[in-house]
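Have a look at the structure below before the remarks.
Every chain is named by a letter (A, B, C and D) in the order it is written, and numbering of its residues begins at 1.
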Amino acid sequence: MEMWRTAIVDAGPTHLRVRGHDVPTLMREATFTDLIFLLHHDRLPSPAERRLVDAILIGVADHGPGAPSSAAARLAASGNRQSLAAAIGAGVLTIGDEHGGAGSGCMELIVTGLDRSKRGGLTLEAAARLAVDEAKSAGQRLPGFGHRVHTDVDPRVAMLFTLAADANLASNGMAYVRALEEAIHDRIKPLPLNIDGALAAILVDLGFPPMVGKLFFIIGRVAGLSAEVMEEHTRERPMRIKISVEYDGVPPTRDGEPV
Amino acid sequence: MEMWRTAIVDAGPTHLRVRGHDVPTLMREATFTDLIFLLHHDRLPSPAERRLVDAILIGVADHGPGAPSSAAARLAASGNRQSLAAAIGAGVLTIGDEHGGAGSGCMELIVTGLDRSKRGGLTLEAAARLAVDEAKSAGQRLPGFGHRVHTDVDPRVAMLFTLAADANLASNGMAYVRALEEAIHDRIKPLPLNIDGALAAILVDLGFPPMVGKLFFIIGRVAGLSAEVMEEHTRERPMRIKISVEYDGVPPTRDGEPV
Amino acid sequence: MEMWRTAIVDAGPTHLRVRGHDVPTLMREATFTDLIFLLHHDRLPSPAERRLVDAILIGVADHGPGAPSSAAARLAASGNRQSLAAAIGAGVLTIGDEHGGAGSGCMELIVTGLDRSKRGGLTLEAAARLAVDEAKSAGQRLPGFGHRVHTDVDPRVAMLFTLAADANLASNGMAYVRALEEAIHDRIKPLPLNIDGALAAILVDLGFPPMVGKLFFIIGRVAGLSAEVMEEHTRERPMRIKISVEYDGVPPTRDGEPV
Amino acid sequence: MEMWRTAIVDAGPTHLRVRGHDVPTLMREATFTDLIFLLHHDRLPSPAERRLVDAILIGVADHGPGAPSSAAARLAASGNRQSLAAAIGAGVLTIGDEHGGAGSGCMELIVTGLDRSKRGGLTLEAAARLAVDEAKSAGQRLPGFGHRVHTDVDPRVAMLFTLAADANLASNGMAYVRALEEAIHDRIKPLPLNIDGALAAILVDLGFPPMVGKLFFIIGRVAGLSAEVMEEHTRERPMRIKISVEYDGVPPTRDGEPV
């Protein structure tokens, strides 16, 4: 087999470095969030950047056992007590565009809009109006906007905005999602920026590519899945979960005939 | 279906709390490591405790693409580009007693030893001698001791010891693994405490149950798997990995006869 | 990397063989069940053996969307529409000693009993009585015996018995589980052999090692998971699953104080 | 939680049916392949149809330990001996558009072509020329055509063609892939139909939707993964796999400066 190459970790018999940084030194001086930033970027974060990433990871870590990721992890913990990894893995596998992926979707929207603005000499507002009109005529939802339940006020969203403003890091990404929000208000209906839109703008402004939206959701959520699995092991008996099912298919047959 | 119960997350239309702590407030004031501690404990950590958990998570996060977890994640990223979660999930599934699980194994050893010392009125040294003699006569390895490669000096181990001493948190767990190390030296051969043994002692002294050894390895390693998968997506083409295989089974047959 | 060795598949530029058998020839002459047998054994099955393995795989393939494996697969299909493999994988991960693993557990019981009978010169009945007494005094359940719901009559069990008798393949494995059933009746209480016990006895008599009980459950169940995932994709909208949760942990706190 | 509905399995205390068919009766009379067909279709197959599905499942089941799916499964079996499901699951997760997914891709191509032919009143040949021209100008590969290694002669392809012809089931799907092959020959270069294209045409002609290409690959491959994992458990020691890695990233740094 050919040798595999990597620009992330340099591991030898007596040294271990991540992107040039000595791991034992990081163990003494850095936080886990610093390392997460470094693993996906080309440098360590500033304190203000670290605060934003901490807030994002904390914000997505756990939403209770009823979230698809937690529910799947608990089902696996319930049938397979031999492997904590299998239970956490089952939870991770539920994460996709529909669950935990709107941040990545919104980051792609932002990257496309900023690129179009730059290349086409458009203002962010003009680029946003174009994007909203395209989504509207294609009948597509814009990831990062709107609540599933209208009466919900997601308590994490305002905090993320405040922190981004405090950090003085809000750049084109944040400006563009605000322009999108206004264009959506004018051309479709009022749909406030949600937590996925907020973290998407922050992550773009911090210099991360779109896939990081989903990756950071996974990293944050695994902390919650781990705790959910631990609670399932220590508090519940195996195979406790019952789900009610109704069959509505064809009636009994025998050799192609009804019986 | 019956309602599921939980003591971890309280999520409502306008509030979200983890073990009683308001999540937006945590987003402003806490670190991700604080939240990881809180999710698996009944309180937030002190600054000294946080430093130790940060060091553990950083220490286990990534050991390069050749570790079984990273290699499996990259294989999945190579064949299945549609799901980042599937690739990270494949990496998680390689984690068990043999890969990333020695910390939990050593925590069980420590908990058993401390319990035996307390119930039986034994000194830690006497309990350690008993445990080593039992492992020796059963031909079992003691998880947390010894290097795979004798010439290796794991640069993370010394740092973990230093931090634990600095934190002044070293309690019975650390004392017991030191007693084990001495008993192993006297009764088997010199086998130094390794990183799994060091983090096991720290996690016991911080009040975590044995399964947390494996859970924290998973949480830390997922950060590394995420970066490995991102690099595979951005730097390598699909299906690039070739593994050489030699067949050494039965020769060709036909209807039970050689051909 | 060293070369990997295998005695299963010999793949070259112009040939492909499984345990010496030419794959294109198998494609014309064999059934998928034949291949499953061959992959885990050292030969192809007889027609009678094939019927028993077909019956086992059919019997375990699907028990509806409420089984933990199907429910987890559907949750993953609900949140992650990008990867069919991720959804089926989530279902597979729920399979362990508690869900789908009793067959393997019973096979180990049988292998131990037959071995003890042979080495110790005991009758199967005497070995069975010993095993039951040991389980009773250790407070352990005997896998393969008893119904979860007493009023249930599992319609698959009688069929498996009939087929095994018809096939005239019932050997020591089947004799031993019958001896166990009688010993349980006499020493504990009447607990009829269930489907896991029946397939365990058959698989031992066909010459498979205990892990095959779980492996064949997985192979059979994946066919069902695949269909469950296809139905979820074609019939349900993403994120449709709601699970009710009740929080019963500590009340809201702030800096360690109630709020 | 609302009740879940299904048209696949009807399970009750004393009955178990799949799409109206009594499972115990299937256990006596049907093959596992019949059940796989039934689970994904609305009826049982004819003997000729069953032969084709058997051939497909046998053809994709195992290509040796070096395939990404088998390699990932073995890595998981090497690090996590506690869960057979975790190892098989890791193998499943490598399956996507790039590994095992070309059959589904080709089925989509066929369905689109047949639909266009029907709606637009085009001959299959005209529809094929359109599809090839579109792929050519978009710079896209056509899934189901061409060898990775030109000198390879995949021994399974000819067999699949022969069986489809023998079965007299070849219908519009098979005719359309032949028209595609000719249009590719004329407009791009000679690229023979490969195994994915062959099974895609067969599955379309049997009435399956495109996602079944990937699903049947998973079902077949799980049989092989199971055997690969069993061999890893019984023949190899844990953590035996070594992968050579070369670091080519930034040199060591300290506080942003080279060291």
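By our rule, contacts are C-beta pairs under 8 Å (C-beta built on N, C-alpha and C of every residue); 3 or more make two chains touch, one makes a residue touch a chain.
Model, not experiment: these values are computed from the prediction.
S.K.: In contact with chain C and with chain D at once: which chains are those? Just list them.
M.R.: A, B
S.K.: In terms of CA centroid distance, which chain is the most far removed from chain D?
M.R.: B
S.K.: Averaging only over C-alpha atoms, locate the centres of chain B and chain C and give their separation in whole Å.
M.R.: Taking the average C-alpha coordinate of chain B and of chain C, the gap between them is 30 Å.
S.K.: Determine the centre-to-centre distance between chain A and chain C, using the mean Cα coordinates as centres, and give it in whole Å.
M.R.: Here chain A and chain C have centroids separated by 36 Å.
S.K.: What's the distance between the Cα centroids of chain A and chain B, rounded to whole Å?
M.R.: 24
S.K.: Could you tell me which residues belong to chain D and also touch two or more other chains?
M.R.: Only 1, 4, 6-11, 22, 64-66, 80, 82-83, 85-86, 89-90, 93-96, 241-245, 247 qualify.
S.K.: Hey, which residues of chain B end up touching chain C in the complex?
M.R.: 1, 3-11, 17, 19-22, 25, 42-43, 80, 82-83, 85-86, 89, 93, 243-254, 256
S.K.: Give the list of chain D residues in touch with chain B in this complex.
M.R.: Result: residues 1, 64-66, 68-69, 71-72, 75-76, 78-83, 86-87, 89-90, 93-100, 238-239, 241-245, 247 of chain D touch chain B.
S.K.: Taking the touch rule as given, give the residues of chain B at its contact with chain A in the complex, in rising order.
M.R.: My answer: residues 1-2, 4, 6-11, 13-16, 18, 22-24, 26-28, 30-33, 35-36, 39-40, 53-55, 57-59, 61-66, 74, 83-86, 88-89, 92-96, 149, 151-153, 155-156, 158-160, 162-163, 209, 211-212, 214-216, 218-220, 222-224, 226-231, 233-235, 241-244.
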